[in-house]
């Protein structure tokens, strides 16, 4: 197609330009001064995440208070102030901290074990096809089962008390974390996986050093969900499984006060759960996010 | 550095080679024949996912049966065969299908609403910073709360019956899905997001056409987890909320039979949950995965 | 007055009068006789707290349950909603059953025992156990057994104790669970609530908010009439009553077993509240409730004030 | 011609990346004008801020200093009037086939109906030599093939201004020349404006009519030159640019 | 020299991608031998299977037909004896800084202690001109800078055979020449073997000592040529290769 080429040349000739050429001297990089555009006072405040969150919390508390007052039914839904009062009373007389501590111990144990189990299952799933099928099958079978379904087995295997609670917690934590981790692992870019193998990494080293950091956002989401469901399950399970009196956790605290119709105390118990949730999210999970995901620039 | 360059030329002169040059004629692409390496019979069978899963299920059933027999305690843990028998009896006399249907309706409603709510929250979170904070705060506050905590509000707002159940289900579904969706959205590659904006997509169109397909693996994981927790919550909640006569679902079925100490039937109810879980996973979620994630090559 | 009345039931033979009212349409019948077109809606609950919430949120008119929850809500609502009992359903003994042959009295319980009951500290069984401890072990030792108690639903508790694989070796239950347990030769009775209270006492009661009772005198009258009729029916036709109950309630008991439960000489089908005052006195003394009274009539609406209560 | 309003004016633009721990200045007070119909080249060493400048014109970054105007209107957000061909390989939507990727761009930006979009898409997919891969998903393509789809998409959109970031870098000599010719042919037909990043001086001279030279860290304007079509002048210009860019390394000009 | 054992033998290798709906043959019965110390170039049009061949040598794909042997041992899995520089920009670990990325490769593959790795990493990061970005994370780098880190990593590993897939494609002329020179200098020092994919004929001749020409769809061997260092011969060779590759398009050879 010499013809086409000739035409192209023609085009380009037409564009001849009378703009002057420009040349600049080199500036030294050190001499640069930059004039930044100013932000308004509101914008500066709005940029602070903790401030925005505080405002949200304050608004929610206000809504609660107003709704509680209009409802005016302390036996069903106490006001925010009544709850706060009960909360501080519980805090002062030590019952709430004791209950939270007692629940917290069990929770952390179940959560920790759940993570370990999820890690094992996911590692197996990454290692072989049958492992994948096993994880998928187990998850789709057991994840929908409520904790009460495990009661008989738990009683046989672990008897009453904390061991059974931990068992139930593991059940509620494992599947969610395993699902998220596995899907995160599968989503790791093909190239990164090849890079890892190229270094000669294999098995656990490959998972630890490549897959886990690469799938970290997914894993963290799984951990968050697992954490939340652990709380839910624990509080419900403390009722189903029974507690020997005197050793009850937050679930028991709530149940007992509900039975005695001391509703502000019930809500104080729930508030404790909420506060722990907020603290864990904003101190622990957010810090992890800042140190990892944000620094690595893997979420935008 | 003309010296360096001279040295380089020197190097290259040294490598002169006595290998002959090779030239091939063009083959027509049509003439290609390929001799594939054969697979062994076991390998061919092993490649079938459904077969592997069936084997896993059979092994699990076997373990159950054997453990049940050695335990020999029908009151605590019936054998697999006794459970299957009770399951078919329940199937035949229509009680199990009726209970499953009654639960299923409520479940789907709650699940659907939960998805809608999660979508809304996540959309808000993508639209503005305060939306993100709102989602994060709400999730960390409410996700750990057990369903019983919502009971009073549910009763005030929706009264007894299915509406309240749906409300509780929404609570158990929304946060998990929202968390996964949001983290999926954040993980969408910067370039893809820029491409979407470049097309002039904005707001809902941007979310629908770019973010959702790009974050699909995360969203699907969220949907799976939400699905499982909807079941768990429903079965537990059916007990707390009570029923009007004759309208009980699977949770009620389980409770009633437990009251009658008809443990094989209790396990038949749980087996129904398991079977529904397996069916939904393998028919619905797997199909979606095959049609999307696998075809798009976004998981490896 | 209301056109539809919403009533609650729980599981157990103790709710037999309500079952009969529902099945035979007695409430509708008596309301019609009083010139009121009334519909009923029956709800099932598995525990007292869900039911109380339904009552407080206005989703339920008449609740049914044990004496304990009723006293709790009565004490709590003295200054506002004024919830009170309407009537008793029956007096029935509760047994503490154990499978440990070593245990013959309360004093024999030690750390190796676990006593299952519906809710530690707050259920009627837990309170009765405390009262028993005070009575048999001595003043100030009312909480001596609390450390051995464990919360567990009746079926789970029975399964755990009779299944023999868990630490649970005693159960403070209710009919029909306690009766079934006692049929097994491994189990025997340690405690009888009638002995603790010094006589028969009410097991189940029905209660409502003051507002509902005041606004619906005809309905309440019809309800009382229906109750009387159903109790009369139980007394006169235990066989038929058992049949009806077995038909509508999920049960694995044989007909004869049900009849035995109903006609047990220690069971008294009556609307008259019995043994309420000891409970009120004990619960307020140990601080479980903040109100007290020395007239059982303060705890009930006036429909049963002229019965032989105590 | 001098009197024409510029299509795009970039006025003293400083672009910075703010990360939690660093503040990186990518370009410093860069100014240039792009006229309607220009084939404007950004040329400069790796990391000198070419892609950053393009992203700013694309509307993805707000300058710390200075401003950019398109047709007199300040650039505040991205839009289909400035179509981008990115440097990255992951710019195709993985859930769409090659053809759909091109068609979707046309349809989503409300250029044309779904029907027309399909036809036009197929036309451009053929132009970049991928007709037989029209129904493949992106993950089944080689690096160069992916870039060609992106080029097809950019050209099919016929935007006011086409922003291309090293679009031909992943292509072999033959395919590359074909693509260059396609681009020029298309320009001949529609006289669109293109802002083109490249690291090949020869390509800059062949494709462009005006060339902006940037110096590195942070990117500043070194010179703005006219290109030429005359073969002899082109060689001289190439030498000249070479000298300007490599001035600190007085080495013989070798070709590679 | 002819009598030497080849380091890498590729014998009648057919490579295919199996997707649920397609079966794509990337290369068809490709054979070649790479000797110890070779700078072996794969040259061919976009999509002809160059990257696929490299991935197979890297151990990531199993041939449908034929086999590949490294030092006489059949290739079955990836390993640090064959270090790859991929074509994609996302080959750096995003959670490691530039320096850590290089050091981690050295340490993870058990080449050296963490300490030594750090030092060596810094040395190579400087070689590719990124010393001032040593502590940045990859997402803060430009496309070309990312590729340079990957090059530094590949070279620092000093593997038996270095597999480089269009490593210099994203680099400007100056940086590119520097990198080419670094590569040759390193080769001079350690005489490692390199299998190099490029789409630039000039680069092939400059870098390689032996050049494999592939024809497209599916990739088959067209020719295997010796390179030259003589300037005049180089120009002739370039013309020759040009003709072989572009033979179906009888066009004047234009330079771009």
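In order of appearance the chains are A, B, C, D and E, and numbering begins at 1 in each one.
Operating definition for what follows: a residue touches a chain if its C-beta (ideal position, glycine included) is under 8 Å from a C-beta of that chain, and two chains touch if they have at least 3 such contacts.
According to UniProt, the chain labels map to these proteins: A, B = ABC transporter permease; D, E = ABC transporter ATP-binding protein.
Note that the structure is predicted; figures quoted are calculated from it, not measured.
Asks: Once the contact rule is applied, which chains count as partners of both subunit D and subunit E?
Replies: The common neighbours are A, B.
Asks: So, comparing C-alpha centroids, which chain is the farthest one from subunit A (ABC transporter permease)?
Replies: Following the centroid criterion, the farthest chain would be C.
Asks: Which two chains have the greatest number of C-beta pairs in contact?
Replies: Pair with the most C-beta pairs in contact: A-B.
Asks: Based on mean C-alpha positions, I'd like to know which chain lies farthest from subunit D.
Replies: Result for the farthest chain: C.
Asks: So what's the Cα centroid distance for subunit A (ABC transporter permease) and subunit E, whole Å?
Replies: 42
Asks: Quick one: subunit C and subunit D, Cα centre-to-centre, how many Å?
Replies: The answer is 82 Å.
Asks: How many angstrom lie between the CA centroids of subunit A (ABC transporter permease) and subunit C, rounded to a whole number?
Replies: 45
Asks: At least two partner chains per residue is the criterion; list those residues in subunit D.
Replies: As it turns out, subunit D has residues touching two or more other chains at 19, 88, 90, 140, 254.
Asks: By the touch rule stated above, which residues of subunit B (ABC transporter permease) touch at least two different other chains?
Replies: Within subunit B (ABC transporter permease), the residues that touch at least two other chains are 5, 73, 76, 152, 155-156, 263, 295, 297-298.
Asks: Multi-chain contacts in subunit C: which residues touch at least two other chains?
Replies: Correct list: 53, 57, 156, 159-160, 163, 165.
Asks: Hey, which chains are touching each other here?
Replies: So the chains that touch one another pair up as A-B, A-C, A-D, A-E, B-C, B-D, B-E, D-E.
Asks: In the complex, go through subunit E and note every residue touching subunit B (ABC transporter permease).
Replies: Answer in residue numbers: 1-2, 14, 16, 19-21, 25, 28, 35, 37, 39, 64-65, 181, 184-185, 187-188, 209-210, 215, 217-218, 220-226, 229.
Asks: If we count contacts the way the header does, which residues on subunit B (ABC transporter permease) are in touch with subunit E in the complex?
Replies: Contact set of subunit B (ABC transporter permease) toward subunit E: 4-5, 7-9, 11-13, 15-19, 21-24, 26-27, 29, 32, 34-37, 290, 294-295, 297.
Asks: Which residues of subunit B (ABC transporter permease) touch subunit C in the complex?
Replies: 73, 75-76, 151-152, 155-156, 159-160, 239-245, 248, 255-263
Asks: Under the touch definition given earlier, write down the residues of subunit C that touch subunit A (ABC transporter permease) in their complex.
Replies: Listed in rising order, the residues are 48-49, 52-53, 56-57, 69, 72-73, 76-77, 80-81, 114, 116, 119-123, 146-152, 156, 159-160, 163, 165-168, 288.
Asks: Flag every residue of subunit B (ABC transporter permease) that touches subunit A (ABC transporter permease) in the complex, lowest number first.
Replies: 46, 49, 52-53, 56-57, 60, 71, 73, 76-77, 129-130, 133-134, 136-137, 139-149, 152-153, 155-156, 172, 175-176, 179-180, 183, 186-188, 190, 193, 217-218, 220-221, 224-225, 227-229, 231-233, 235-236, 251, 254, 263, 270, 273-274, 276-278, 280-282, 285, 298-300
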